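Okay, so chain A shows up in both of these, paired with chain B first and chain C after.
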Partner chain A sequence: MDNRITSYCRITNDAVVVNGEKHTIPRTDSPWLSDIYHAENLSYPKFFKMDNLAKAGFLGAELTLKDLNIDKTEPKQNIAVICCNRSSSLDDDTAYQHTIQSADNYFPSPAVFVYTLANIVTGEISIRNKIMGESAFYVLEHFNPQKFCSFVRGAFSDKTIDACLCGWVEYFNGNCDVLFAYVTRNELKNLDLHIENLYK
Partner chain B sequence: MEELILELKKEIIEVLNLEGMTPDDIDNDAPMFGDEGLALDSIDALELIVLLEKNYGIKLANAAAGKEVFKSVRTMAEYVSKNRTK
Partner chain C sequence: MIYQISHNIISPLGFSSEDNFRAVKNGETMLELQNTAFSLPEPFFGALIDDDLLDTEFARINTKKFRYTKFEKAAILSVSKALQQTDIQPNSSRVQFILSTTKGNVHLLENADGFDSERVYLWKSAQLIANFFGNTNEPIVVSNACISGVSAQITAKRMLESNECDYAIVVGADMLSKFVVSGFQSFKALSKELCKPYDKNRVGLNLGEAAATIIYGKTDKPLPDNSIVLVSGAMANDANHISGPSRTGAGLYLAIQKAIDGFATPDEIAFVNAHGTATAYNDDMESLALTSANLHERPINSHKAYFGHTLGAAGVLESIISSLAITDGTALKTNNLHERGTVAPLNTLTENQSCSEQKFLKVLSGFGGSNAALLFKKFTQHNG
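Up next is the complex of A and B:
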């Protein structure tokens, strides 16, 4: 089976793997996603304002793109960002609900509210990398490589798109399940199998 | 006033998730918005309005007043000191 994927990243509750290499993440008292951010020497203060889903997507995208020679300061029309997950923004929706739960302590948090949409993840990634191509976020019942890849192929139906930064970005109740990949037009053959294997 | 300024700095760091920042890193008179100082954004401004209401019982309904109140931590402390209900 040929046509490997240019770059990918897998993040679960206890491991970070980038292009087949397991990264060492020293654990601290901070949350897991913050430990990854620090261990990978990332520098983007807005990260700490994001909800967990956006943090997970941001990290997946950052680590996938890290070794690719992609200029984050140059606007790019030829890259699409496509994400999917199961729980949508339910993790943040729940956090927001807590800020409005009690009539006696009713203080809706604007900073929490802005993340109560899953597609904010694709927006954060696009802003960070100045990606101006198509972006979409789909919610599926479960991880489904065939559907996932059909969305990616759909992005390439636009002839101006040369690459797709695509990810399964699931975060709910402390459970993190992320697979990100950078796929070029030449890598669409066998994409379903590659994605399925990388997710295992 | 200095005590209130310190209290506000701690609250700002917490509610705005200013990771790695301590009260000493925030200049009392530095601009809170714009490219200098804390470089906060519009969502941060809304969060500060919630902070005033939640912690000090101040309802800031006038957006123009907010511009003056949130000029710096010192102006914010002065406003809180004069208008707090709790």
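Up next is the complex of A and C:
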């Protein structure tokens, strides 16, 4: 198959694979996503304010873009950010619900509430990389390469878009399942098959 | 051409698009102080769909005797009423359901109310809605904060154009709950009285419940006069802040430019139906973006002081009201706007006025830095 996707990242509960290469992540007492952040020598303090879904998406995007020469400071209108998952923001929804569950312990926090919108992860990635193309978040029952690729192809129907940073970014109850890929307009051929293979 | 085959609005103002439009044209609103809803420590100003009315109407179509949540009932009833005006077979493999929502059944986190734990997933609600009509295609959920309803229409247009379906049923819905209202309260984003979009004295938004449906199809043939065509749509991100609007309106300006470039000049646009949440920052941001796009002298309105911010329903509901307005030849006023007061002056309407242009623009912006714009056209034999 031609036009293989060259920049991608897979994060599961126990492994990080970038462009086909498995990365060693030393485990500490910190959460898994924080261990990845440190092992990959990332430097973006806002990471620690994010909810788990945004952290997972941030890491997926960072590692996918790592070897690409993309200027993170220059505004870019020609890249789209498309994410989808199964559990939307239920991980943070559950955390927020705890803050309002009982009348005697009622402390709704805007910092927690803001992440109860699933698409905040696309916003975090757009801010980090100064991406001003379209951003969108979709929810499906399970990872579905055909639907995933339909969203990505859809983003390219905007003629100003040259590339799409796209991801399945699932995080709920400690379960992490992330696939990110950087897809250019030239890589749309057989995209479903490529994406399905990368997810396996 | 991608065009609207039919539509419906379920809101506190009525259970049909036409009833809702009539109420809006008459300047009516059901927004009021809610003192007891959801056992919140402080009241809020909002509009709720009456549970009894909804249950009565829903019982007429729910032959399955399966138990649904309020959110699902409103969405199903809206789709059902939209379908009644068509001969579409909703169980066809060529029909795609697209659900636009931010929070779905999130209230079940507080009290599961006998529903199983899967019921809080957005895809589950989408499945139940599609399955009600015998449709077994995998439904799509668009959850893009405040712009969801516009994003969902863009998704529908793309899927129709790429021949993934023959009909797209776009249903936007969100209900209010302790979860949603307390969150907006914690943001200090809510007004304690009727919101004042684009007004000098605006202090925040109102929340409202709604479900709204547009059924889209495609055709190469001329349409009946007054059919509404979805000409183009685009999205852009501010890349600026996750919860605050851009200070410059750059993202919204970009979305508007992409939506109108090559399709419309400012003087062809009858009106812009904008977001107009009545928060200080949003309305100022919009005034800058609309000025950059040279649309500040076109009639501009917000529907928020009629319905409140209906979240995932807003983009669908406001597109329908605006479609009926252009068919009616009316540029609607912004309710409760008394003294214009945005950082860049806008031609925001304080009275309904007649319009003869055939295109209108719908724009939304929201959390996550997202912005979206849709360009619609009223079809006539002369402009087709």
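As a convention for this text, the second predicted complex is superposed on the first by the 200 of 200 C-alpha atoms of A that agree within 3 Å, B and C clash if a C-alpha of one lies under 4 Å from a C-alpha of the other, contacts with A are read in each partner's own complex, and residues count from 1 in each chain.
The rule is short, and it goes like this: a residue touches a chain if its C-beta (ideal position, glycine included) is under 8 Å from a C-beta of that chain, and two chains touch if they have at least 3 such contacts.
This structure is a prediction, so every number in the text was calculated from the model and none was measured.
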Record, for the superposition on chain A, whether partners chain B and chain C clash or fit. fit
Please work out whether A:Phe137 is in contact with chain B alone, chain C alone, both, or neither, and reply first, second, both or neither. second
Which holds for A:Ile25: it touches chain B only (first), chain C only (second), both, or neither? neither
Based on the superposed arrangement, let me know which partner A:Gln97 touches: chain B (first), chain C (second), both, or neither? second
Report for A:Ser87: first if it touches chain B alone, second if chain C alone, otherwise both or neither. second
Answer with first, second, both or neither: which of chain B and chain C does A:Thr122 touch in the superposed model? second
A:Pro75 contacts which: chain B (first), chain C (second), both, neither? second
Applying the document's definition of touch, where does A:Pro108 land relative to chain B and chain C: first, second, both, or neither? both
If you stack the two complexes on chain A, which partner ends up touching A:Ser157: first (chain B), second (chain C), both, or neither? second
Could you let me know whether more residues of chain A are touched by chain B or by chain C? C
Least C-alpha distance (whole Å) that remains between chain C and chain B when both complexes are overlaid: 8
Need the overlap of the two footprints on chain A, from chain B and from chain C, as residue ranges. 108-110, 114
Given the complex, residues on chain C that touch chain A span 39, 41, 102-104, 106, 109-110, 120-124, 126-127, 138, 140-145, 151, 154-155, 158-159, 161-162, 164, 178-179, 182-183, 185-187, 234-243, 250-251, 254, 258, 367-370
Inside the complex, what are the residues of chain A that reach chain C? 75, 77, 81, 86-88, 90, 93-94, 96-97, 100-101, 103, 106, 108-110, 113-114, 116-120, 122-124, 126-127, 129-141, 144, 147, 150-151, 153-154, 157-158, 160
Considering the complex alone, what residue numbers of chain A touch chain B? 34, 45, 47-49, 107-111, 114
Sites on chain B touched by chain A in the complex: 15-19, 43-44, 46-47, 50, 53-54
